[in-house]
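Note that the chains take the letters A, B, C, D, E, F, G and H in the order they are written out, and that residue 1 is the start of every chain.
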């Protein structure tokens, strides 16, 4: 445990061997970091792992612009506010991401890109809210064929209960901060998902598409 | 406003003309009242309104027994923990009460009895939770033919969103305290219902089958 | 359930047959949508339903301006921050909207416009707070003659209890985020309304004039 | 400050000169104290102040019985769950205590007894809830003639707003834990009172009839 | 009750006879009102009550400027963010306002100005926090000589307990939103004050210097 | 969707084809059910699925005794307060359940039994709290070899973060209600787990060993 | 790290070398453990560390009786609901424990016994609440001479602010669950202490006398 | 107590003898103060205590610039957003500050500077989060040699539990507002730390590096 190859950038210790330990890629959590810091960390991690994509999430507009300018090989996902640098791994298994409304799209996109960077194939099923049940029911076969489902919803967060009642696929629910008033910034959706009457629903933090993507990719990669 | 026919029982002023003002029956809220008090108030209100049923809700087992012994003409609803004394009014319109799980039955029964005493006809659709969507869908026509819907659910409280997406009938949602942990005694269901993505869902207090029944009966009685 | 006439705009699936299913108009929820998106969705929905008004709510100043410029036939309601496009339906029944203070006006206006677009006639009774009881009492007959009441109030949210004690008309209470400190953005009013001692009060989300309007219009349209 | 005449009973320091400092009587807060402790403290305080009533509140049934047996001169108030020992002071000024429902009676009684022991005259106006406005209005003159009002209410706690709009008398609101579900043990009433739209309403802790009584007595005693 | 002299400004009903009913002045609550509205309401109320000061609180910088320009006779209190228009009443009794820290000054100033406009004399005791007890103790006599105390504090809100233990004067506590982290915008101070171990402390909403001033003035005006 | 083989027991609709739809067993949630109801539902479900174990959870002592008496073939798990009736399926894959303290054992046992009934093999690693890190580190290889991890912890809920930093195995965290004071019945642990800095941690409701077991079994069964 | 001398009792791994690692004694947290378990763990730990007292806290009456019967050498502290078995260490430094009211005594006693078992000398200063400031001030010199202070208070939790303003001694505040209504089981006191205006106050969980005792003993033992 | 040398700046009473009472330096809490006020208070306090550094914390960028311009001898700590004016005291004992992530750096820096100004030596151990346990374990000896530890962490706040299990050094935990969604601005970390399973962890307010620094310095200064 004593000789980790750690790079010290002054404001951050980079643990460039984490990938070896967990089979996962390197990731930069962009919130609270300056554009210059994002660029520098991406560059350092990419140099250490040129064979595999590094992911940066929660980027400001300024950080996306800095990355575009400084790292022209980076791929930008505008909906997810995220970038990748380096080749994506081959896709193993399938993660299907279901979202309830158009406002949930950024979180769904973050989950999708993360799952892809972590090595899973991804499918997106957008805008299938609970109040229009026929849309969900029309996709039932597609949902049942995934290795792991990610269901993204704000407001009352009921979609995971509906989807979870239709299939036996492992399902990760992501509450979003979409809503107003007594949604309390996503708390209503979070509580709804934690109390889902559909068995086998697990939940991540509000707006945490990244965490859901990591988890689902691990499940899908390992599935038969 | 000065000469209300009010009976003073020492511990409670009984406003025996409320019915005349609002077209509604007299009601005894049993929580916190002794069995003897429940019996005495029921008897007094019944004497003032012999032509129309008086309702007592939230009764303890002891209060139900006291009513049974002292007021043999009273009708007991064991599931709703409620009694009526006096003839029920003729039924106008239809209130359909939908409940998600067996644990929600007492609240659904209180709503049903209340709506009936307040002058509406009632139908019950029990145990049609969100995780078994086919049960809800199989009753779709029946739901759409009601004058007002009451949807009772605990845990994540998603059923009103699903039912509300299927019909344009006015829908009152009743969160129940069924659940554990992060259901917080019905708060999760309450928030879910307040944030329903189905337009036109209104909500009452946790476990308030009575209030939903009053409201729905008023809507159904006045419907064409 | 397989052949819904759904338009796909890329960022939103538009379900242009919803009206047929529920008898309700099409609605655009403007929060989180760009001015261009609001205009495009309004235009698409109007083209599909030229015979009936489409409603757009929660519009930013920029979205209102874009609608004014791009869709000159649209009617703007500045207080409600909403627009309609297309002819209003004939009015059936009456929804009376009561508001407590001048700061509650935008929510009351949203409720009124929504009820009108959903097919009910509307009356507004503004600025009749609880601390000046005579104002409410002076309008008692008018309140009792409505088919459904919407009562809008912030701060302690006591107005629905007072109004609900005066009539037997179905009453939907709308808490607003008006207040400060321990009003917690409308939570105090919401809790007050959920705990109203007046029987038969139902509640919608904080500032949700739209939801109250939908519900009340459905009740009023169906009333004798 | 060094020579306070303090009695040390082992489990409690009794500050028998507090009365001299503030003009108030001695009080025993009975919650969490054994019947024997209540009796012993009452006896000690009474011995130090035989000329003025000592008050004990929040007594269990066992403590009331022990006081009755051991201190036959004590006066028991069963509704308030409180006792006094020693002569009541002469009454200066008037505190009027208004309560909303029968379940609020214990808190109203505690407030009334406290105000009396602290030297004010008291009047009680019970069971005048907001949903029956005519009862409040009928007592308007009586309310306006008090030196201080105490308004006790549970559930939505709207009564202080109504009463506060009728008079300019200083008004202390006492939320009670009466209610269920989203009343959260009195929190809804507490928030309602803190956000009252009637100016000049102050609030005490949930069920704190004692604190309201102390405050109101001080106001009434000093009034012209 | 039918012929109140109410002025209708379109966006607000002005009840210009309230003063007659309660003996209090007219007040404009400036939050959420435009500068022009503040000016217009002030002018209308002043015209109706030229003999007595009208108060406007919670003014934005823009509103203060508009008042200064349009109503040159208005007196501006910069700390309180409030103005008065018209002659102050003669002062009856004394309200002493104690504040804990420099950040609490705006709330203390609002309380002071309000109490003055409502007819009481006022004294200010600033910056006497609990962590420097000697400052409070040094003012003990002064505190004990008031007719009513207002104690303003943020953070843990302990000052009312300390002051309340020193005197028997009626004491209104005002929690402020001063603090960070687990102060939750004044909730910690509010809870501390509601749970004060000093008997007879009453509380108003967070930052509600106005409400405390109204209440205290009513107490002080009526004191012997 | 119209001909589900549903048994109607009066108080519960039993959907005896759910297993066919999702590959999962039948389950009885015992909370709120009488011993007789638990026995009857177990017997009915077992008759419909004699080839596969039915699971009953959250049983009271009385329910366990009734099952033991009435259904002698049932297997009782005293720690998990659960029983099974019928043969367990063969085990596919491995779910490893890690728990922090002895008080967490019932939840860990419920998770373990559930995962086994749902078709996964299970291993238990008990009493490896964060404050004794060497215990966790000593089991590192074992943890890394599972197909899915369930980590059960109360109090601050830190164990999932520690375990999640050691492996890349999918990890479901279960907060328990173990703790006191500011643990708020498991809320502190729940929040800790939702905010875990270890990527890819998902969470279920407080004390929901059942839900974690279902989810983990589905993951493990499908793993290569 | 591989060969910890750990005893496995089936329901608990006992880490009998913890003392060597941290210089602290062994402790049994009694909540949730049966009397027999408490006795067995105490006996096992005492056998491993006969030279130093083992502490058991949060014991039920039944557990205390079992210990008294089975382990006659154990010392029982009835107020703290705790026992020790084995010789107390010599006392280094002084921890002074200050408590506000008689109801806080159990928590203060737990803190005192814990500090003593962890090797510090202890002094108790009871019943010196904020509303009787002279009692605190009279003990000022005594407080200033301690190496660490523990201040225990419920309700508004103001005592640490007062004591913290009097001395520069490290101060650990312990909120207790003493109070009612808006004390929310100790939350008001906890928030008050976290927001203390006296610099250098640290806080432990509600009723956590044990944690405060451990911390303070470590500080006092190491002090010059 | 009557002759404190207090300077009155109009908006703040400066108690320039506090240092003499507690052995601590003077401090300016910059939040809510204008740049000019910060400069003036710093200058006044420095003039009264030229021999010892005065500390100003929570400074805005504007305040830092004003200090730099007006008080060229001041030392600025950009990370901590704080300045000192005057010579630092000699360092007694060691406070080691451990932080979990780069976003926690400002709070860690404030704690470090505060501890230094209060007379302790400081060491910083940055970026050793729980998900990379080897980093913490590698610094174990260093942690064990401190006189007091400050552990700074946001999100789930697990680091104090891990560090507290490794040593017996007094440990003050500082939750930070780093996180999103269900971190609720630091509440999740705060609750995690209050419920730490490691004995002897005490906690300060969210982001309160200053308070932790004061406390730890007092402990370290007094240590052998």
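To be clear about the criterion, a residue touches a chain if its C-beta (ideal position, glycine included) is under 8 Å from a C-beta of that chain, and two chains touch if they have at least 3 such contacts.
Chain by chain, the UniProt names read as follows: A, B, C, D, E, F, G, H = Nickel pincer cofactor biosynthesis protein LarB.
Keep in mind that this is a model prediction, so the values were computed, not measured.
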item: Pair exhibiting more inter-chain C-beta contacts, B-D or E-G; value: E-G
item: Gap in Å, rounded to a whole number, between the CA centres of subunit C and subunit A; value: 36
item: Between subunit A and subunit B, centroid-to-centroid distance (C-alpha), Å; value: 44
item: For subunit C paired with subunit G, centre-to-centre distance based on mean C-alpha positions, whole Å; value: 57
item: Subunit G residues counted as touching two or more neighbouring chains; value: 132, 137, 181-183, 187, 190, 194-195, 199, 205
item: Which chain pairs touch, all of them; value: A-B, A-C, A-F, A-H, B-C, B-D, B-F, C-D, C-E, D-E, D-G, E-G, E-H, F-G, F-H, G-H
item: Residues of subunit B touching subunit D in the complex; value: 1-2, 4, 11-13, 15, 18, 31-33, 175, 177, 185-187, 190, 205-208
item: In the complex, subunit H residues that touch subunit F; value: 100-101, 129-133, 137, 155-158, 161-162, 164-166, 179, 181-184, 187-189, 191-199
item: Partner subunit H, residues of subunit E touching it in the complex; value: 102-103, 105, 126-128, 132, 134-135, 137-138, 178, 180-183
item: Interface residues, subunit C side, partner subunit B - complex; value: 21-24, 27, 147-148, 167-172, 190, 194-195, 199-205, 210-212, 214-215, 218-219, 222-224
